[in-house]
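Naming follows writing order (A, B, C and D), and every chain is counted from residue 1.
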Amino acid sequence: MNFFARFAQNRGALVGLIILLAIILMAILAPLLFPESPWRMVQRPFLPPLETEGFPLGTDTMGRNVAAGLMHGAWVSLLIGLVSTTVALAIGVPLGAIAGYYGGLVDDALMRFTEFFQTIPNFALAIVLVAIMQPSITSIVLAIAIVSWPPVARLVRAEFMSLRHREYVEAARLVGQTNATIILRQILPNTLSPIIVLASLMVATAILLESALSFLGLGDPNVMSWGYMIGAARTVIRQAWWLSFFPGVAILLTVLALNLVGEGLDDALNPKLARERS
Amino acid sequence: MKTPLAIAIAAAFTASSAFAEEPKAGGTIDTIIQPEPPGLVLGMIQNAPTRTVAGNIYEGLLRYTTDLEPQPQLAESWEVSDDGRTWTFHLREDVTWHDGEPFTAEDVVFSADVFHRELNPSARAVLQHVEAIEATDDHTVVFTLEKPFGPFLISFEAGTFTMVPKHIYEGTEFRDNEANNHPIGTGPFKFDNWDRGTVIQLVKNEDYYEEDLPYLDGINWHIIPDGASRAVAYENGTVDVLPYGTVENFDIPRLTELDNTCVTEQGHEYFSPFAMLWMNNREGPTADKRFRQAVMYAMDREFARDVLWNGLGQVPLGAFGSNARFQNDDLEPYDHDPDRARELLDEMGYDGEEVRLLPLPYGETWTRWAEAVQQNLKEVGINVRTEATDVGGWNQRLGDWDYDLAFTYLYQYGDPALGISRTYLSSNIEKGSPWNNVEGYENERVDELFDQAATAFPDEEREALYHEVQEILQEDVPVGWLLELGFPTIYRCDVKNLVTSGVGVNDGFKDAWLDR
Amino acid sequence: MLYARLIVSRLFKAVIVLFMIIIFNFFLIQMAPGDPAAILAGEAGATDAEFLRQLTERFGLDQPLHVQLWRYVSGVAMLDFGFSYRQQVPVLDLILARLPATLLLTGTAFVLSLVLGIVAGSLAAARVKKPSGSLIMALALVFYATPLFWVALMAVVLFSVYLDWLPAYGMYTVGAGLEGFAFALDVGKHLILPATTLALFFMAIYTRMTRASMLEAAQQDFVKTARAKGLKNSVIQRRHILRNALLPIITLAGLQAGQMVGGAILTETVFAWPGIGRLMFEALQQRDYNLLLGIFFFSAALVIVFNIITDLVYRLADPRIKEAS
Amino acid sequence: MSDILLSLRHLTIALPEGADRDFAVEDVSYDVARGEIMCVVGESGSGKSMAANALMGLLPKGVRATAGEVVFDGQDLLSLTEKQHRELRGLRIGMIFQEPMTALNPLMRVGAQIGEVFEAHNRLTPSGRQARALELLTEVGIPQPEKAIRAYPFELSGGQRQRVMIAMALALKPELLIADEPTTALDVTTQAQILDLIGDLQRRHGMAVMFITHDFGVVAEIATRVCVMREGRIVELGEAREVLENPQHEYTRALIEAIPSNAMPAARQVDQTAPLLEVRHLQKVFRSRGGLFKPSREVHALNDVSFTMARGETVGIVGESGSGKSTLGRCVVRLERPDSGELLLDGIDLTSLKSETLRRERRRVQMIFQDPYASLNPRTRVGMAIAQGPIANGVDRQQALKEAGDLLDLVGLGAAAAERFPHEFSGGQRQRIGIARALALNPELIVADEAVSALDVSIQAQILELLEDLKQKLSLSLLFITHDLRVAAQICDHIIVMQHGRIVEHGSAEAVFLSPQAAYTRELLEAIPGRAHVLATA
């Protein structure tokens, strides 16, 4: 069976993929459907959904179009999720690879370093980092990346440790390949599937983290993200449920979709398990 | 949007003016303090929550009505010499501290001359005009000023000029004094308990010198960090009074529509909080007067008041708020006029240089406001980028003058010489503080006029000077004048007589009683 | 004896990690803009240079950084965490006053999420491919994907405001003067919403993990052996599959238990729970360096304690570990 | 044959969709009588275990019996409910498995696991169960049964665990014992003991045994009757002796012939004067790294090992697990670094080489690995896998790939194989790829570490043939590491027998095999299953 067929066998994963594609489509279409800035105050505040033409999801506390915010927010949330995950991978993969491949003192040192980051509660550290760098897209992405790389490092390390004594790796050493070649060409490609699965979940977690930061008022004030929308709407949750409801659902769906896709990837990449699970 | 609130306010007025009923004693009031104060010793700490709680423990020599008329408190009476330089206060003789020691003139001299001179910057601003303070007998104190000082008599409010017990603080390191954890005042309530993060509890001072007062057995100040939870606390009946700033503005209309709920905007006349937009006069586009004027025209301040502040407050004419003395009504207002703003920008040749805007990190309303202003400015072609900061960052950036536009609000303290001139005097330009002349405005004539007006005597002379200074400021726009904030107090209608002074609940529980 | 040696060695490591954390956080916090003196002055709404100078000197912030660090570290070595700049109270007192609340909240949430998660996970594993199993997993996924604070807000609106079943915030009814059992009951009532909210997310994690782990354990040879003995399926599930499946969950739970303190920040904020998570956020905003460092120290210490406990539990659960490392 | 206990009639078991064939077992019929040992023999994928799983009701998910019946004592097992089936398991049919390491629950004490059998069928009181468990452990010959009953599985050796499994299977004196490759994972001496034990118990309890194996040696050792299976069908069925001596089917014959015999290859003339490899006083100790408060533990893997081998010679290193034979091989290729001693290859001391020099010198000694599934990178094309060595040593990429094609030709796969991925090949084919890879660098010495152990016997024979062939063509020097004396005897000029890190015997293949000097060597030889039969037929 090919990869996609195996993926599609998990019906949940297929649903997840469709939701995810829809959200990506939303992000792409946002500037076309709502060319105006989502920050523009265009109507009376607190218009409920479905009551006024052109404002299917109503307006917010200042008369901004919720639908526009939601679509522009899709872009921001996905971007934050993707970029921070990429940065986290860029930190975690090399660290884990080196620790797992070389073992011994190098491993000890790098793992102490990793443990050190895991000893400070994640969310607390993220808050402090954003507060220190002052909230902006860059600082948020960095903070999320800094608190989410340790699991990557641990995973990659574990994979490397189990793979470095595989016979094909030893064969590569025997024929005189350099350590760098072995790490990059022999081992790393074989660790990709768990990394991809983890990464899909990390994107989801990053979106949740961003929303939590925004909720505490640590969002970037120049971009309309879903987290910002909920954070801004929480004070009026009683008067205008739709303001926090729609972005909340958007986050839920995105995170859900990413998880489902992650599971599907896991199934597709590890066919043995898939048969048991689906 | 505005109607229900206006009715509610009207109702509150009638309720409070019609208190012919006989006060009932007893009952404990639950209210909210936000944020949790750092400590309760007034004079050592002057931030808003400390004032609010400790204003019921400590007292000043005078008290002020909602029209800012001085009333006797610890001082029974006072008189001023003809040259306006010598002020004599006659103290009540039946006052004791919470620990039973008598309150005397020595306490006043110690508080003013030693304690406040060392610890209290806002008292220092007044005390710099005071040459000498003497206790002529146990119950008489004489202040001698270098020159007449217009706002002198309005400076004795408890939060600014607290009376602290000499017998406890004299000769000690004030900030390390054990008694700081258990404040001793002369006020109607005594400190009882502070469960950090949860509640501060005050109990009735049984030995209070004013007859029958206070009526209440105690006050519980609940500490609830989240705005939405604070609103819930009022809704489900846990608390009876929401002092200003404890619930988000968006919740106010909903809360005021609840049964048995009254609201008053009174009780902030002494502070008259005035929201402003710092504009950096030193560099960048904001250094150009025309740019600053354009900003004034670009902002839709009515929208901000109606939508963000629920119609509470007043769009100011210029630098002097409507509660301030000596306001000049003849100034030309800055109405919302985007075209005029664009014209001014064209005229100065604004090239789209990025302007950084710092919102005030004091809650959602301020954040929303910054978003609205950013949008207003963008619409006239100003390239604004908002830079979020927390309180620490905001302080630092303003103190370092590292901003282009920044939100703030300042108290007016009842007199231009106390609350207004500090923003415009060039002598008040100093790095490191977000409360002085942060915008860096320098105008010799303005300096001169403010200086003369502060010490001019009598008031007619001051008025002329202040009117002239307002005209200059109106043209120069050193800062943006956003809104005179209306800070409503929401309470159950059966809490009677809550706001009786110009500082509202800060010392209001003294007269309050429960009609239950 | 073995345990004693293990604990000693882990404590030794812990001291080093804590020391590193102090230093790391010390410099981290220094990088934040603004300082506590300016903030305190700022709150007063009025200030002058004299006032700032007094505070800076009093807080020791006028000293060079290395002197400040040295003072702090040598203080901590004597278990002196300094004074809170803002609250003028020893940091240790503040933290110890708040710590029980956090431990109660996170502990309850932890136990709740672990127990419910494992139960739900095993049910789902036993009912794999059946609608009931899928329903459990779908719910777990939804809980996992829903922002914690959002659930918290919705829970308050529903249970406190509309239904008025449970208190919306705080840890006990202020002024009720309850004692003994009545007080415990009162605290319990206040605990329900925050603990459940906090537990939901973690419960979802444990549910998913338990199920996956059990399905994996079910593949092991010894399960076939057990079936060959003629054991009932329920006994196999419980005694053979679940017990083995719990091992990875112990590890995960150990990691999560420490992280819960961080996750509690949101819950404590929404529910006004007087714990150290909230204290931390406030201390950060106030640049109350000593307090913030103290909280970091304690939460890191908590994480380490949890890790050691996890290790011990793991050792109890898995006889193989006693021999190895 | 009147006393038939179990009867399989036209049993067909279907595999789930997408498997490489439709049926695991197709139209299989055979009987097992009380008191006999029926050996079901086949190579991997022959479906030999499937019938056993079906009658136990332990078929993997998605696999089910679609036709035929399994009659046990008059009852069709396929028609039983799960509950009825459960009551049969453990009580009337016992089963033991291949992997003693994983077949026991690692978290339960041995006694408790045995006790569970009684519990499952509501026999005895809890204390009675423990008493019976102790008796059973004594019966299966576990040393110190009082201690063993309180032990966890990991505290026991593989053979002991298999004894525990047997004790468990016999607890309720079942009428039928199914043994699914129970000795495959064990060392040869242990295997002999377990086979003895099973035979012994079978005789004492008079039960029927269905013994599943791939090894005709085992068949010769214990079988009453034998059933040979291939790709899900029976190819031959009959009395064991008859089948062994006079196999009717070609496949059976091939299997029996594939067992390495005593026939020694003609000793070749090797120039002993120019040693290629000289090993002197090699020492290697493995230490578990102790922590600050943790004692370190030591295992002496190599203890003063010295030998020489000549160019063009094949030397076999034989030993059981833990003998140090693999460590020796890994030291020679420098995947491990010996603690002391010398390894002279053509006079150059390999032990003293440092990383960069070592990397360059590596091509001189190459290795063929044990596991054909793990020795090739699943994401690298076969041609590239072979060419990687030359490329790393500076050969032009195109050139290296071309040569890889030639090598694939040489090992009998054809140059076209270069474009494919490892998973497209069978185990034997992969082992050929592994050999091609080892040859790609023109090494002076090849170390083959259990190179045929993971393969089915028929494939094993083919690979050994290939190696023999290559030895002739390329005059290879080969260090052949194996646990199987028979295999070593077939291909090696010299044999070194190792035990506990020491060389216990070293001599020509013929000498070691036919007139062993060391007691341990004799023990090893005697443990080979079916030796009596082989000797008889030789």
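Brief remarks on what is shown
Everything below uses one rule, namely that a residue touches a chain if its C-beta (ideal position, glycine included) is under 8 Å from a C-beta of that chain, and two chains touch if they have at least 3 such contacts.
Only a predicted model underlies this, so the values are computations on that prediction, with no experimental measurement involved.
By number of C-beta pairs in contact, B-C leads when A-D and B-C are compared.
Subunit D has its Cα centroid 87 Å from the Cα centroid of subunit B. Subunit A and subunit D have Cα centroids lying 46 Å from one another. Rounded to a whole number, the gap between the C-alpha centres of subunit B and subunit C is 40 angstrom. Each chain gets one centre point, the mean of its Cα atoms, and the points for subunit A and subunit C are 23 Å apart. Shared contact sites, meaning residues of subunit C that touch two or more other chains, fall at 32-33, 153, 161, 269, 284-285. Shared interface positions of subunit D, defined as residues touching 2 or more other chains, are absent.
Chain contacts: subunit A has residues 131, 134, 234, 237-238, 276 touching two or more partner chains. The set of touching chain pairs reads A-B, A-C, A-D, B-C, C-D, using the touch definition from the header.
For subunit C in complex with subunit D, the residues that touch the partner chain are 5-6, 8-9, 12, 220-222, 224-233, 235, 239-240, 243-244, 317-320, 323-325. Residues of subunit C touching subunit B in their complex: 32-35, 38-52, 54, 58, 86-89, 94, 97-98, 101, 153, 156, 160-161, 164, 167-172, 174-175, 268-272, 274-275, 278-279, 282, 284-287. Partner subunit B is touched in their complex by these residues of subunit A: 37, 39-41, 45, 61-63, 131, 134-136, 217-222, 232, 234-239. Subunit D meets subunit A in the complex at residues 18, 61-62, 333, 335, 359-360, 362-363, 365-367, 369-371, 374-380, 385, 388-390, 392-393, 434, 437, 440-441.
Of all residues in subunit D, only 56-58, 82, 86-91, 94-95, 97, 99, 102-108, 116-117, 119-121, 152, 154, 165, 168-169, 288, 291-294 touch subunit C in the complex they form.
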